[in-house]
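Letters A, B and C mark the chains as written, and numbering starts fresh at 1 in each.
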Amino acid sequence: MKEYIFIGVIVLALALATLFVEASNLKTIQFDDVTLEYRLDKASRNNDTIVVLVAGSGATDYNGNSVGAKGKSDVLLQLSKSLNDYGYDTFRFNKRNVKPENIIGNPSFDVFIDDLENVIIWLKEQNYSKIYLAGHSQGSLVAALAAQREQVEGVISLAGTARPINQILLEQLHRIGYYDEAKKVIDSLLTNDLYTEEIGIPENIVSFSDVNQIFMMTWMKHNPYKVYKSLNNTKLLFMQGTKDIQVSIEELYLFDGLGKLVELKGSNHVLKVISKESDNLQSYTDPSFLLDPNVAKEIDTFIRN
Amino acid sequence: MIQITNLVKSFGNHQVLKNLSINITNNKSGLIYGFLGKNGAGKTTTMNILVGLSRFDSGECVVNGTKINNKRRTFIESIGYLPESPGLHNYMTAYEYLHYLCNLFMDSTTASVRAEELLDLSGLSSSRDRKIGGFSRGMKQRLGIVGTLAHNPKLIFLDEPTSALDPEGRYQVLALLEKLKDQGKVIFLSTHLLDDVERICDRVGILDDGRLVKEGSIEDLLNNEVGHTYNIEIKESNQLERLAKEIEAMQKTNKITIKNSKLQVTFNDENDYKSLLNHLLTNNYTLVDFSKHKTKLEDVFLSIYRGEKQ
Amino acid sequence: MKTYLKKEVLYGMRNYKFLIIFAVYIFFALFDPLMLKFLPIILADQFGGMDITEAMAIDQAGAIQNFLNTNYQIVTLVIAIALMGLVASEIKDKEIIIPTCLGMSLKKWIVSKIFVYSIFIIASSIIAQLICNIYALTIFEGRSIEISASLKIGLLMGVFHIFILSLIIFFGALTKKHGISAFLALLAAYTLPALTGLFNISKYTPAGLINEAGYLVSYFSTDGIISLVWSVGAIAIIILLSLITIESTELV
């Protein structure tokens, strides 16, 4: 009889422990039209400095992993841990499109800016006086745009592009032989029109569904270089990997003159150091490829200066 | 010490024990109770129930004052049990095994002392540091028996302790059991080896078809149960058949057998042999041998299983 | 309790259980990296002399991953076979009759087994992972996996093997047959990842431990922590069920 009671207690304890682990892992903030799930890691008790990590494109979670994809890179999780080791608090959050219901009826790029702006305001309410935004890939543009709206101490671009997305996309699709098809769609989007004819680009390469076209339309409107240039009272740091197959190292130097430029030798788009090309793609889904230690080191130097 | 009342136990559709009742009262001095029966009579089943390891269907069992629960295993204080073909920890030495058993309920130092005592009792002191796996069957049995004595129980159950042993092994085990009886132990011994029972048992219970059919001291059983038997050998061996018919006509016998040119006659009354003797002498039979047959337990046993008149 | 523990340690030593388990862990911890090192040479002919190191993870991480797979498939099997008689044989061979009648606690008997072998399995698993990590580091170049990651992997696989051990003990008490105990435990071990993956509940089962171990990183993901908690809980529940079962198992 005693044993059955113990079993019941254990099952209950397990359920409670699970709830506790999951609850303590992610908290929520309610903004106007969305509930954002976030994680705030404190490096020390009374820190006034925090680095907000902004994820890249897609339905990306607070660890920097694409929801639903096999494998993970944990790029933001690893960056967060490294920054904590340097003594900085970090803030990470699930992009709102991690839950598809959050973007139904509003597939605009700008909602990401709204969310980040709200985060900055909220962090200021939590008495953080020095807020840094570190945006990875698409997140670099989101960070810069949010910094336009709400003053922050500094913005860090991690593998972000200087040119608008339409140029990058066209370049990427050109490389794999879809230039003409892509140009038609992109030209249409640039005139704020959806492209309704048949698109000869496979869905698994790029999806040009109506929802995605609206999203890209709103994304293309923003010129990253110009946005960064407009951030007058904000420290800027630009970092780019030399083995990045999505954003070339030349993109880094387009930011020349706006802030500190750092080449991450041997790093790829997910900021992992790779020794051979076959590791490049593998590192997107294998967290044992660890974050380039120079990323956190440079951010630390940047914040101290 | 042991009170069994109307014990019933079945395995599936086969009822092994059918209202078995046994009563062995507390004995201040030692006692060896022989529990006899042919294979499949229910001896081991009874043993397993008495030591609280096996469930039963109905009835009541009280051992050393503990009523055995028929639904779950019951721990009974102050008993030891050596099952048939017992398992010992072959990877341990004799000393380690006894020390382990003693250490289950006493501290290590006391256990060491007790283990040495038990080794001495079993006659295995010289093999103290040998692994049990290397022991002969007889040595293992002796070790097992003293193992059951670790906590100095008053009552010990032994299931076929001498079967599968060579004569020397059997001798050593029986000698040990007699030693234990001299120490005041009560031993409930199940066996089908009648010689062993005759040699060391004080009382015997015979199990047949799930019931206790005979019970008593060896002496009583031998004297009272089978009658008075005489062996007769005459010179006129070709007239044995005729003689047998003549004896039968006297109507004083309950059994007459011819075996190896000899006649064996069993009388109910111990004085009836005189009329036979008289008949032999008056009918000019030449007597070669006329002697009382030494009744053995085997005779009692067989008389039960052949359903003969008691 | 000390008596029970001493007896189990003696059993493990004298019957070479510890040696077998430790040996199989260490053997594959060394063999797998070595095999991987020679694999390009072995397969060179099949690939027309092409260098396959670009296509395959012929590095320390690959070696650790290989050992992880071997650990799951082969070491689990060896542990199950080595320990299948832990409970079942002692009951079947009537070794517990004399001690039980003397008053041995069957509950302590079971708990002592899980305690002794759990500690040994965890220690062996961690040591093996560390050996694999260090050895692979010496024979491969390229990126390296942190030592602390191997500590974590060792812990996770150790817990997984303790889960298998608990199943063997439970089925041993239930069936009193060592072959069936091992079979059922292995059935659970080898089907759990697939079955739980199908219903997306891996993280609530010991299968989640293997997933977490496969990441080869030193930190725990949330799912990994949940897997660990639930696995330890499952082990505790199985042990409790074993204690319940042994009380009603006929020992004769």
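The definition used in the following text is that a residue touches a chain if its C-beta (ideal position, glycine included) is under 8 Å from a C-beta of that chain, and two chains touch if they have at least 3 such contacts.
Not measured: the values here are computed from a predicted model.
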* chain A to chain B, fewest steps along touching chains -> 2
* Structure fact -> Max Cα-centre separation from chain C goes to chain B
* Distance between the centres, which are taken as Cα means, of chain B and chain A, whole angstrom -> 87
* Centroid spacing, where centroids are CA-atom means, of chain B and chain C in whole angstrom -> 50
* **Distance between chain centroids, defined by C-alpha means - chain A, chain C (Å)** => 39
* Would you pull the chain C residues touching chain B in the complex into a rising list? => 3, 6-7, 10-11, 14-15, 90, 93-104, 247-248, 250-252
* Structure fact -> Per the touch rule, the chain C residues reaching chain A in their complex are 53-55, 57, 61, 142-143, 145-146, 149, 204, 215-217, 219, 221-222, 225-226, 229-230, 233, 236-237, 240-241, 243-244
* Contacting residues of chain B [partner chain C, same complex] -> 48, 51-55, 72-73, 75-76, 79-83, 85-89, 91-92, 96, 100-101, 103-105, 144, 147-148, 150-151
* Asked: Contact residues on chain A for chain C in the complex?
  -> 3-4, 6-7, 10-11, 13-14, 17-18, 21-22, 25, 63, 72, 74, 77, 81, 273-279, 282, 286-290
